[in-house]
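Every chain is named by a letter (A, B and C) in the order it is written, and numbering of its residues begins at 1.
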Amino acid sequence: MLKLNPIQKAIIYFFLIALAFINLYPIFVLFLSSFKTTPEIFMKPFALPKVWKFSNYVEAWNKANFANYFKNSIIITIISLASIILVSSMAAYVIARFEFRGKRALFLYLITGLALPARLAIIPIFLTVRDLHLQNTYSSLILVYTAGGIAFSMFLLVNFFKSLPRELEDSAKIDGAGPFRIYWSIDLPLLKPAVATVVIFNFVDIWNDFFFPLILINKDSLKTIPLGIQAFYGEYGVQWDLLFAGLNISVLPVLIIFILMSKQFISGLTEGAVK
Amino acid sequence: MKKFAAAALLALSLLSFAAAEDKVTIWGWRPQDADLWTKVQSAMQAQGTKVTIDYKTYLATEYDSKLFVSLQSGSGPDIFYTRRLPSASRTQALIDGKYIVPLNGKVNLKNFTDVTLSFISENGKTWGVPFANQVIGIFYNSDLFKKYNLKEPSTWPELLQVCETLKKNGVTPIFASNKDAWTLAMQNAMVSVSYPGEAWLGKLTKGQAKFTDPEYVEMLTALNDLKKYYQEGFSANSAAEQDVAFSMGQAGMVFGGIFQNSNWLKTNPDFKFGYFPVPSKTKAVTPKVYVYMDGSYGLYSGSKNQAAALKVLNFAATPAFGKIFSETTGEITAMKGVAMPASKPFLQECYQYANTQASAYRYWVGSPFDAGKPSVYDLLSENMQSMYLGVLTPVDFAKKIQDGVSTWYPAFKK
Amino acid sequence: MKKNAYLLMVVPAVLLYTVFVAYPFISSIFLSFFDWPGIGPKKYVGLANYKTILFGYMQPEFLRSITHNAIFFVWSWILSILPGLFFAFCLYAGLKGTNLFKVIFFFPNVISIVVVGFLFSLLLNPQWGLINALLKAVGLKAWAKPWLGEIKYAFPTIIGVTQWRGLGFYILVFLAAMIGVNKDEVEAARLDGASEFRIGWSIIVPHLLPTIMTLTILKFIWTFNIFDIVYAMEGSQGGPAGSTDVLGTLFYRIAFGGLGSSEVGMGLGAAVVTIIFAVVFPVSLLYVFIIDRRMEGKA
C-alpha cells in the first residue's frame, strides 16, 4: 500500500530476501543435520550428508522412545487446550454478560495472571502437585497448563463475547433458558474464530514447554517430546545424530500446522500487542 | 516327627514362595546403569535369590530435588544413589533427616579400600556401598604418540616437550573444553595432586598451607601458560565437542576422566587411547592420581522391603557385581580384586592407578573443601575461565580462593 | 440461589487459577523467609536470605545478573523495535510475495527456544561451525571468533540469537498496526504531495506509539524473566566467567543446584524469585491496567 518506484522496490526486496535467508538457513541446517552421522554433524556442517541416514529417525522414534513422547505431547496438548477453552470461556461469558458485586475485582484478580510467570513459582507448584498425589500423571501438566492459560484466554474471550449480538440470547432467555444453556448452545458455537486464536496462542507454548514436564514428570513413559530430547543427554555425553532427528520430530508438527494455518496463527499470536 | 518335619518344610517353602519375587526399587542419575541392573537381577536370580529390580534414572542436576521431595512424602525408593561425604546439604541432609540407614554390620564391606570407604563414611559409620571410582588425568591418542615417538611424560617439563613436538608437527597438543566451567575445575584439581603434590595438599587440608603459597601460584601460572598448546577458539568449546574432537583424532591429549571413554568409543569404535597421571614438577615427587568415589547405593530407612534391599546391597559389595559393573558400564568398580574386561586395557591401567596411586588428599569433589559455601569447586568454576581469558592473574586467583574458603573452612579460621 | 447460579460458571477458572497460580506465588514469597535445602525441617531466618543477596556474599553475583537483564532489555528493544518497524514497512509496501515473507519471518518464532539455543551453539562452534566457516570463506578470518567463549561476545551473541527467533513477532505486530491506520488519512497526505517516506514517518509512526508502548512493556517483562535461551547456550553457570548470568540462571543454580556440589537452597532461591517478581510485577501491572482500560472502554 505504498506507491514506490522500481528502485525503491528493488531495495525493499533486497532486505526482505536477506532476512528470509537468515531466517531459513539455520532451519535448513537443522533439517540436513538430522540425516548425518555424529562426526559428520560436527566436522562437515556445510556438506550434504554422505549417506542419508533415515535410520536416525527410525532409531529416534523406536529405540529412543520418540513414538511415546509424541503420543504424550499430543494428548496433553489437546486436553489442555480443550480445558483452557472450556474454563476460560465460561468465566469470560459470565464477566461479559452479567453485572454483580465484585465483578471488576474478579476480573482484575484473574487478569493479574498475565503478570505472574508460572515458572517462578515452580517450587510450590511442585509441592502442591505432590500433595495432591498427582506426580507423574497427565493431570498434573494439564492442570498447570490450564491454570496458566486462563488469564490471557479469558481476556481475549471477554473481548469477543462483548462483540456478540445479544438478540439471540435474549430470545433464548424469553424461552426460559438458563445461563449455562445459553452459553453452551448459543455462544460457544459462535466462538469459533476466537477459539482459533486462543488455541493457537496457547498451542505453541504448551507443545514446546519443557520446564514443567522437567519438574513434574519422572516416569519415562509419560515424558513429552521436549523432555524426551533432554533424555538423550546422558550424564556425560550425547548421541547427536539421534538428537537432531528428535529435534526435527519435535519441530515438524508445529511447522506443518503453522504453514497450513498461518493466517490464524499470526493473528492469534499478535493479539494483545496491537494497539 | 517325620510328619512334623514335612509340615515344617512345607510351611517354610510356602513362606519363601510367598516372599518370592521381592521387588526392589532403585533410583539413580546414571542412564547407563539400566542394563546393569537387568544383569544384576539375572545374576541374583541365577544364584537362587528371588528379587526383581526396578531402576529409574533422573537427570543429574534434578536428581537431588526429586529424591528429597519424594523421601519427605514417604514415597521413596528402597535404594537410592547417594553422592559423597562430606557434603553440607545432600548426603548430610539425608543422614540428618534419618532417611538413610548405616550399613555397618548389615553389609560386608571388606572388598573396598579405606580410601574408597572414606568417601561415604563419617564417625565410624558407613552410609552406602560405593559403586564406582572415577579416575581423572591426562588421556592421549595412542596412534599419534606412536607416530611421533612420544612417551608418557613423568615430569611437567617432559609434558611441555611432548606438546612442543606435537605442535611442530601441526597437531593440536591439547583440546580444551573451556566453555564448560566444571571441566576447568576438574582440570585444576587433577593437576594439584601432582604439581604442588599430595604432601602439600595434606598441609593445606590441615590449615598449615595456604592457596596463596608460592607453590600453588606457580601451579596456576603453569596451567595458564599451557593455553598456548590449546586449540584455537578453545574458550568456546564444550565437553561434548571435546569428546568428538579427541576421538576423531583432532588432538593429542585431553584433561579428562575415565567416565568419558564410552563417549569416545561410541563416536569412534576404533579409537586407541592411553592414560597417564598428571606429571609432577620433578622426578623427586611421585605423580599422584585424583580418584574419587562416584557414588554409592544407600538404603532408605522407610523402605518396606529392607530385607530384599539388603540382599541386593550385599550382592553389590561382591567382586561378582564389580565384574558385571565394569563390563557393562566400562567404568571402574569401586572394589578391589576384580579383573577388568580384557577388551578394555585402559580400564585395567586406570584401575591399577586407582588402587595404588590415589592421592589421599584433594580439594575438589569428595573433599572437606566441598562441605561449605563457597566450595573450592565453586571458586574454581567461577574463576578458571577468567584466568584463561586473561582478566584474572594467578596471584589474584589464588587470593580469591583463599579468601572464599576462609569464610567457612574451620582449619583456615584459626 | 437460582438467580445467581451462573456464578458457578466461574468457579473452575477461579479454583484452578488460585491453586496453581495465585497460591504458589504467595507460597514462594513465604518460602523466601526460610532456610531449606529441599529436605528436612525448614528453618525460619527472617530477612537473612534477602540480606545475603542484596548485601551479603551473593551481592556481586546478584548485581551482575540484574545488570545483564537490564542490558538485555535495552539492546533487545533496540534490535526489535527498529528493525521491526523497518521490515514492517517493507511488508506494508504490499509487494508481491508479502504473504510468503510473513510466514517465513514468523517461522523461527514457533520453534522451541531450547531447540534454537542448541542449534545455534552448534552453528557457532569456533572450529567447525557454519558461521565461522562462512566468515573464513569470504576472507573475514579475523572475525571468526569463539563467540560463546569470550567475555566480550558471549552475551551479545545470545541477544542476537534471541532476535533471530523473535524479530518476526515484532514485524507482524507492527504490520497489523500499520494496516489499522486510517487509509483516508494516508490518501489525503498523498494527494497533498507528500512522499511515501514522509507519509511513513509523520503519519503512520505516530499511530504506532501505543503499540510501541505495549511492546516495550511486554519486552520488559519478558527480558527480566529470561532463562531458557541462556540455559540452552551457556548452561546454568552463566559463563564465560559469569558474563551471561541473568536472574533466571542465578535462581536455577540456587534452587536446583548446578553440576557438581553446589548447595541446594530453596529458601534462598525463593528470595531471588521474589526479587525478580518485585522488579517485574509493577511493570506487569501496568500492562494489566492497560488491558483493563481497554475492557472498560468497550463496556
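By definition in this document, contacts are C-beta pairs under 8 Å (C-beta built on N, C-alpha and C of every residue); 3 or more make two chains touch, one makes a residue touch a chain.
What you see is a predicted model, and the numbers here were worked out from it, not measured in a lab.
K.L.:
Identify the chain pair with more contacting C-beta pairs: A-C or A-B.
P.N.:
Comparing A-C with A-B, the pair joined by more C-beta contacts is A-C.
K.L.:
Farthest chain from chain C, going by the mean of C-alpha atoms per chain?
P.N.:
Relative to chain C, the chain with the farthest C-alpha centre is B.
K.L.:
What's the distance between the Cα centroids of chain A and chain B, rounded to whole Å?
P.N.:
About 41 Å, centre to centre.
K.L.:
How big is the gap, in whole Å, between where the Cα atoms of chain A centre and where those of chain C centre?
P.N.:
Result: the chain centres lie 17 Å from each other.
K.L.:
Touching at least two other chains at once: which residues of chain A meet that condition?
P.N.:
If we look for residues of chain A contacting two or more partner chains, we find 42-43, 127.
K.L.:
For chain B, give me the residues that contact two or more of the other chains.
P.N.:
60, 62, 69, 241, 245
K.L.:
Return the residues of chain C touching two or more other chains; collapse runs of consecutive numbers into ranges.
P.N.:
125, 255
K.L.:
Touching chain A in the complex: which residues of chain C?
P.N.:
Chain C residues touching chain A: 4-7, 9-10, 12-14, 16-17, 19-25, 27-28, 31, 86-87, 89-95, 97, 101-115, 118-120, 122-123, 125, 128-130, 133, 164, 167-169, 172-173, 176-177, 179-180, 183, 186, 190, 196, 199-200, 210-211, 214-215, 218, 221, 225, 227-228, 251, 255, 266, 269-270, 273, 276-277, 280-281, 284-285, 287-288, 291-292, 294-295, 298-299.
K.L.:
Touching chain A in the complex: which residues of chain B?
P.N.:
Result: residues 29-32, 56, 58-60, 62, 66, 69, 73, 239-241, 243-245, 248, 257, 259-260, 262-263, 266-268 of chain B touch chain A.
K.L.:
Write out the stretch or stretches of chain B touching chain C in their complex.
P.N.:
60-62, 64-65, 68-69, 71-72, 83, 87-90, 93-94, 96-97, 99, 178-182, 185, 231-238, 241, 245, 365, 370, 373-375, 377-378, 381-383, 385-386, 389, 391, 407
K.L.:
If we count contacts the way the header does, which residues on chain A are in touch with chain B in the complex?
P.N.:
38-39, 42-43, 126-127, 130-131, 214-215, 218-220, 230-231, 233-240
K.L.:
In the complex of these two chains, what residues of chain A are touching chain C?
P.N.:
1-4, 8-9, 12-13, 15-16, 19-20, 22-24, 26-27, 29-30, 33, 41-46, 86-88, 90-91, 93-95, 98, 100, 106-125, 127-128, 143-144, 146-148, 150-151, 154-155, 158-159, 162, 178-180, 183, 204, 207-208, 210-211, 226, 229, 247, 250-251, 254-255, 258-259, 262, 265-267, 269-270, 272-275
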